[in-house]
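Naming follows writing order (A, B, C, D, E and F), and every chain is counted from residue 1.
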């Protein structure tokens, strides 16, 4: 069964797009913070590459919250644990393409800024916030459409893939090409 | 041999429903707390997905006990260990469907609020407390009935499954559909 | 070669009963405490289920020593290590049926109360101290008899098994049916 | 798809050269630092030998930042975590030949000195900063050329390999032979 | 090549007896202590059962050094590491029969009392210091003889085995039967 | 490709001899120290037996630096990490015969005393500093000769092996037989 999007913006919840054996799917990434010793807890049957994506996303978020508009208390990360879960718990998930989603979820959770609910995103993230191309885009967009998503953030390096798709696939969905995380955040945070 | 329900409400004990190779079964989840360094100890031959469920349940409980009617001392979780056991110890158990039961047990143990004894429940939990659909419901309900359970909490997304069951299965049991943990707690805690 | 029972009550030593490939056997569980950081050290080639039994036994003992007649200093468990060994070291051991024996041994070691030497016991333990049924009872009782044990504690849920045994097996041994750990302790501690 | 070089010098980013099943490739190593307890976090699907290279690179950098022109605060390394990532996250990477690149990236990140963007490098590093020969040089140089790299640092012990290559391969690229890390740093840091 | 015994009593060095695929052998167990956080370091390619023997030996020694003639400073064990090595490093070793040797070596190292050099020993140890029977005794005694050992400590439960051996095997060696560690220490420590 | 010896004495660098599938080889062991919490970091694709050798070497060095001519500050080892690397990083290495080399390198690194550069050594080390015989000596000596080594330290128990070699093998190299680490240090440290 497919989930439909949440009705309202929320803190620490971001919609990602996955490519599975049975087609595309949407993944609602959840991020929560709590007092602790700086541990990163990852649940949802994540594979090693996805766990590394979460570590990269966290390091990136730490680097951009040192100062500037997303500034967070200097010792927040050392005095809190961050728990990231991706339902459904029994479904194995892997790959680097949830990177931007994980980073957006963490930033939202640690700043308290809401994420737009009508939005989904996909893209590998690097430590410096560059967004890298991903695979399975057609299936992911079909899943986004089925979930009534109206705006999808896609890595700029995937632009040429989309140009080859049927127009119908994109109908009713705005595609925004992003080349780095700051663009992802500009498009997804409800400031 | 099947257990029958406890006679009285108790703290930190909740009846879950499991679906095994030999049919449905009831699982009496036990939660205990003790002074410690914030460790989560899990026993009862739990598999990886069930262990992750317990981590999710604990994070959820921490998030709703920060304030409000289930408020717990701010450093309780950092100064106590939580031990969750599911008898029988030699029987391997896995899957996400004990999520709501684990969360209810933890909340009861950390607040000291009793859980009704005539009650069983099943459902995957997310980090935000959403209750997701589970499988094997018919077998689980038969097991609940055999254990003299009179009220069962079921994920709202499983409602359509139940509509297809024989009426006899449900006879003498009240089914309550739940969509999130707050509804689970409203129905299970003896406040 | 079979061991015979100790002559005198002792602290931290309890006789359990095991069911092995070559028949029943008695296991002399040893528990020692020493200053430390709250670690539980387990030796004697224990399998995973038996190690979890020891964790359950320890949590149970901690819960009943918070106050009441078995009261122990509040920070004893955080400032001591507990070492449980089951000879013989090279023989692999597993299963949940040493639960009551482990709990009795721990309670004896942390309170300094002696355990009767003429006694053996078997039973799975839950976190709340309920005693659950175990298997291989006939072989276990034969081993107890061979070791000159005169009193055996057996889970109440195994009563129906014993009713089917030859009378000879039980000759000279008192069988005490127990449904929870408090009954086990009432029968085994030399207060 | 192949990346082209960054346009500007940057802190904590260094271009390495890899030799894969499908030919040479460039690897953009990213290093970030953040307050922490001295942990080294490694992501990018690195194999064991590459992880050890990162440990060696870090120890080397610590030894040369104790004093002299790259001096770093005495307790910087104990009060910060260092995260090294090599995109793309799903591609397994291994071998010792990223040693010099890892060390340069770490030194840049901890000192804040930029690394030239037109530069790539390859070479195993030892704990004392000696640069050892590597394999697959021809494929690596072809990849550097394709990425518009204009200067490549190569271990001096590989000089004889290069003398056997076609001149075309090297056209437009300056090759600098290095025998230790100090020479690598002299050529790569934008002081 | 076989080692011959040391000429003089020494601290922290005890001769054990092993039974290998190619016959009996002597093992010179070495124990050293150094300031630390209470860790037990084990080297010499020890198997799991032998590592557990070392843990048992250490717990036993801690219990008998709390007071009495072997008394050791109350926090010695928490402020020192204990390193036990059994040469030769590349030879895998396992089994519980080095228990008494390990305990004697640890006691010698922590008290500074020398162990007689003309002595070898074999026997499993329990947490309470009981000495249990071991196997391969004939081969072990032949190895002891070849190493010019003049006195061997043997578990009392192995007495019946020795009665069946040729007298020649024992010629020139005193056999002392021991039933617990205190007897082992009485015979081996050079007080 | 074979390395030739360093030109000058150095701190924390010692030449060992290895016996590989393709003949003998020299191994330049590097040891570095840095402020830390007493961790031992081992790189260079070391196998388990070689890692244990490093632990033994470190414990030995700690024991002889408590006082006497190699005295080191009492809490040096608890306030520093020690990193040992053996190039080349991708070549798996194992066995106990680098023991004396590891110990010499550690002692040099922690005392700041240089090691002679014209020297190589081989030998297993025990916790008390005894030097045990090793294998593959002929191949090792050939490798030492090829690397222009002029003095080789060899375990005294290997003397009989050398007596059987062709004189040519030893030509131009001084062989020093050692029976313990103090002799190794007397011959290798540039005091």
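Here is the rule we go by: a contact is a pair of C-beta atoms (placed from the backbone, for glycine too) under 8 Å apart; a residue touches a chain by one contact, two chains touch by 3 or more.
Model, not experiment: these values are computed from the prediction.
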{"item": "Other chains in touch with both chain A and chain F", "value": "D"}
{"item": "Shared interface numbering between chain F and chain D [over half = same, under half = different]", "value": "different"}
{"item": "Distance from the mean Cα position of chain D to that of chain A, given in whole angstrom", "value": "30"}
{"item": "Chain centre separation (chain B, chain E; CA means) in Å", "value": "52"}
{"item": "Intercentroid distance (Cα basis), chain F paired with chain B, Å", "value": "60"}
{"item": "Set of chain F residues in contact with two or more other chains", "value": "none"}
{"item": "Arrangement of touching chains [line / ring / star / complete / other]", "value": "ring"}
{"item": "Sequence of touching chains round the ring, chain A onward through chain B", "value": "A, B, C, E, F, D"}
{"item": "Residues of chain D touching chain A in the complex", "value": "1, 10, 12-13, 28, 30-32, 34-36, 41, 43-45, 83, 85, 87-90"}
{"item": "Chain B residues within the chain A interface of the complex", "value": "38, 48-49, 52-53, 55-56, 59-60, 62-63, 74-75, 77-78, 95-96, 99, 124, 126-128, 130, 132-133, 157"}
